[in-house]
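Two complexes, one shared chain (chain A), two partners (chain B, chain C).
What follows is the complex of A and B.
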């Protein structure tokens, strides 16, 4: 590892943190495309800064980038108000116009300027963190600290402005000031991330971490925290990977790391991940199926048939799945006797419990519940818990037996 | 005569050149349960926005308990229209209710245990305490409305504005919201509600404000909710006339039939 790598690592990690934090605000305002537009509109500023200052000084380029970004931000927010152009069209147009102008300026600069000086300018397109100076890394860290600090201090104002800004206005919070602050933080974050991640991919680093974090939490504060951490991890991992091969630009590698985190979360996140959803769906289906079998066997038991043929369960009006039946046997609710099946004592208890819970539940739904679509399909444990908590005075049903 | 909660004087409101409210002059007494009624596009929501302070009127002024609204410290609760809320937003029920305490906290300060307890108390008042850690999208329509009513309670708002709380809710929910409204009235709070269902006005509200760009009539339901006023409000809009006519028939027949499942 080169000694410089540590400096770069610090820079990109805090940068990832910063992008993740700011990105979650954009995500929640449904303005993710804005990040892309603003990132692309830095390019003309970078080149103009270079042409005017005549050198690739960090500050000249940064200032140029900040100015064109802010101009783009103003245009994107004012155009839909002043004209009939819709927000998304305005955002897309500004992106195209500014980036196009930037590319044109870039080729002019590269042809006319002294080759040696202008050579590195195209690094801003994809980012090249390996060349990061110590002073740049410190700037990054400082900015990221300030941004995080501001967001911690202002988290409730930010929450209101994202969730319900007319409520915010109504209670006298200055939503305009909060919006301005968010815009400013966003512009600064984009500008400081250019050397490492580049114009084209900065938006990805801003948008992907919060989208990933959304899989893991339903709370605002946690979304911000997780998103910031994911950004930091992506930044660090991307830098380390790209430092293994000098010819790999950092930006794409960081974004690939962020995208990997996203894909993993998409699949394994316990609550919203695809895998968990699928498993829960199968489990619920299986339990309903088992319930059907047990109740069916119980009915037969009451009419005097202890043993029921396996085919009658798997075909006919019940048409249950064989895996559910196997599960019933494995759980000790039913036992096989040749081709016939019967309930064990535990199975009888279970079936009676199901029936009684269902009857109480139906009675409760009939009597007073406002229908809550999360509640209609419950297992007997949930029903019992819920009815107890609501201290419902429904007499335990003994008529469950004659169902 | 009772105190005036909201006084609106010569109010005109326009988006660009097009006026949406014109020359509104009205007083809403304290402790009343007031319905704002009028056809689509009559400016009902805009009127609420003006009282709340999110819209700047072009002319005229609003006083809240005798203080000009822009200088008033009085907190106004607002229950937004259900479609205007992002139900997928990552906030829990308690977080939303705690927003009601933000104004008193001021900039930068974090809500603490006191605010949490107070928010829980307000949630209990609408019977939602045991759902405090749900994400707001997981609630039923009526529960969602009650969360926002709890937020208004957390503001300790003397005035609560609601934008169509009864739109698209089932009968049981409607009943729940009515109970909450009755409680609010008992506390002497002033509640102003944009309402669409002309059939239920007489049963639910003691005040009514008929609006169609201009103020057609305002006052106690008994004297204001009349055939003439309704026809003046819904005048040209034939589609709505049927509904108005039915409401008028009910007024004529002099019975206040409780709304049943025949709707």
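What follows is the complex of A and C.
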């Protein structure tokens, strides 16, 4: 590993952490795309900074970028209040206008500015993480520390501002100031990450880690922590991967790492992941099926049939699935006797339990919930008439309710 | 002006800019109404891998494969974002953000890996080649036309055709999706169709005018139209018109005034138009609304002054001249100038106004205490506020109410 890789690694890791932290605030305000708009609106500031300062000093460009970004942030949040503009339209309009203005200024600067403006648009759009200087890495680390410290210090105010700002106003917090602070933190984060990863990829680093973290938790503090960690992991992994080959650009590889983490979380996250949801749905379906079989067998038991032919369960009016039946046998509720099946003592207990639970539920619906008796006693045909097949296939959203 | 129209290269640039602006602003109205204006920006970034893959698979720099690749990428992007929003229950903006930034990064990596030796860089897509419109020509049924004019015209015709064909359907989908679904419209199919249209429009404009112009023209003119209009049809007209104005003004200023990038200046011009609309729109502009509000406050202050001076003059006192640099002061100056107040006492029509106001106040106080049952110490303040808003018909109603309650005092108990 080259010594410069270490510097870059430090810079991108803290950058990922910082972006992940700030991004979760935006995600909770449902303003994730604001990051993209603000990242684009740095361009006019950078060019103006260059035109005014006459040099490409880090601080002149950064200050210019910070100012236009803040202006854009204020405009995006004020325009929908001032007149009838939707949030999304305001974001997109400001993005287009500021970036267009930046391009126009850039070409003026390139044609008639003081000296040649050597930093091309590519550099600005994509960043050059691999060319990160030690001083830049230190700036990044310092800013990330300050941002994280601020967020830990103010996490209560931030929490309130994300979820219930009128409550915050009620207990005497200055919500306007908190919002301004969030905008300021966001603007600083965007400006410091521009030289490393560029416009679009800054937006990516701000949007993707919180969206990933959202799959794993519902709590604010954990969301911040997980999102920051994911950002840091993506930054580090991306830098290491891109150092394997010379022609791999660091910024995009970092984003691809973040996106990989996102896709993995999308599938395997226990509560909100697609796999978990699917499994829970299958489990519930299986349990309903087992319940039906047990009740059917119990009814037969009451009318004197200890043994019921396997075919009668799988075909006929019950039409149960064979896997549910196998599961019944495996969990010890039923036992096979040749081609016939009967309930075990445990199975009888279970069937009685579910019958009594169902009766209690119907009673409750009838009395407490005051639902029409005719609606409770619907059989399958009625239900199928009411709801078409498709809407019955929707997997349940809540987690495994009991019988 | 004439020499601009005589210069064929300039004319071509102008025509392309106008066509692109109109095409994008028409599609943009649909997106704006669905609160999805950011889709334009997302597509602008998300098509990059499609362009590159189209190039890598065919190995040629022909337009067709790259165009198809880009349209497929745009569709893929919007469908995946929708799917994430519905199935993974993500916030719509976050879903879009995740997908398009990932696609863009993938595109950049593909560029670095496969097309190093070709000058196909991101800034080319962003800037567009509008300045070279005149020199990239193609044969179109015997005429030699600039290529981008032909492609954008086709996109525009497609847009207009689809717009007219599905006018009612898309309108219903935009404003009331549940109504559309309940009347049996294939909402999902219509929305997908719209996405296809957006993708085709955006991609056909990218090559000619660059993605900044597309992003700005999809977002800004419809936003301006949204401030100015209340009807779908007029919104589309105004949006297209705004697009044309910003295209013409932007192009001319970029070439003749500041020597700058054409799409950038068009976006900037549309921004100026947006600022003008936000500030000056007759119905919802910031300044007209503030002006109307201030006029109202002046009227209230005038009426208050008249009523006060009337009350004072009954006990032979004079109204003290208020501080002239306040709303009340301006109202006082107005009253003195039109002669409603002289020597601190109401005169002529001023007296009538003051009497009506006091009558309204007492009517409302009685109504509030008898009918609404407000306690007596809560009567003064609300009556003082509401007296300015009681119009003639309400006053007549209150008077009749009072008469009936007076004539039948026993039945009320």
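Note that in this section the second predicted complex is superposed on the first by the 329 of 403 C-alpha atoms of A that agree within 3 Å, B and C clash if a C-alpha of one lies under 4 Å from a C-alpha of the other, contacts with A are read in each partner's own complex, and residues count from 1 in each chain.
To be clear about the criterion, a residue touches a chain if its C-beta (ideal position, glycine included) is under 8 Å from a C-beta of that chain, and two chains touch if they have at least 3 such contacts.
Note that the structure is predicted; figures quoted are calculated from it, not measured.
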| message | Between chain B and chain C, whom does A:252 touch in the aligned arrangement: first, second, both, or neither? | response | second
| field | Which superposed partner A:103 touches (first chain B, second chain C, both, neither) | value | second
| query | After lining up the shared chain so the two structures overlap, which partner does A:214 touch, if you call chain B first and chain C second: first, second, both or neither? | reply | both
| Taking the superposition as given, does A:154 touch the first partner, chain B, the second, chain C, both, or neither? | first
| said: Going by the contact rule set out at the top, does A:359 touch chain B (first), chain C (second), both, or neither? | reply: neither
| remark: Of the two partners chain B and chain C, more of chain A gets touched by chain C
| task | Using the touch definition from the top, say if A:35 reaches chain B (first), chain C (second), both or neither. | result | second
| message | With the touch criterion stated at the top, can you tell me which chain A residues are shared between the chain B interface and the chain C interface? | response | 30, 214
| Interfacial residue positions of chain B with respect to chain A in the complex | 49, 52-54, 75-76, 78, 80, 85-86, 89-92, 95-96, 99, 102-103, 105, 107-108, 110-111, 130, 135, 138-140, 142-143, 151, 155, 170, 172-173, 176
| In their shared complex, at which residues does chain A touch chain B? | 28, 30, 153-157, 159-160, 162-164, 166-167, 169-173, 214, 217-220, 222-223, 368-374, 389
| message | Help me check something: in the complex, which residues belonging to chain A touch chain C? | response | 27, 30-33, 35-37, 79, 82-93, 95-108, 111-112, 120-122, 125-126, 200-201, 203-204, 207-208, 210-211, 214-215, 247-249, 251-253, 255-256, 259, 262, 266, 272, 274
| request: Within their complex, state which residues of chain C touch chain A. | output: 32, 35-38, 40-41, 45, 84, 87-91, 93-98, 101-102, 104-106, 108-109, 112-113, 116, 121-123, 126-127, 212-213, 215-220, 222-223, 226-227, 254, 258-261, 263-268, 270-271, 274, 278, 281, 284-286, 289
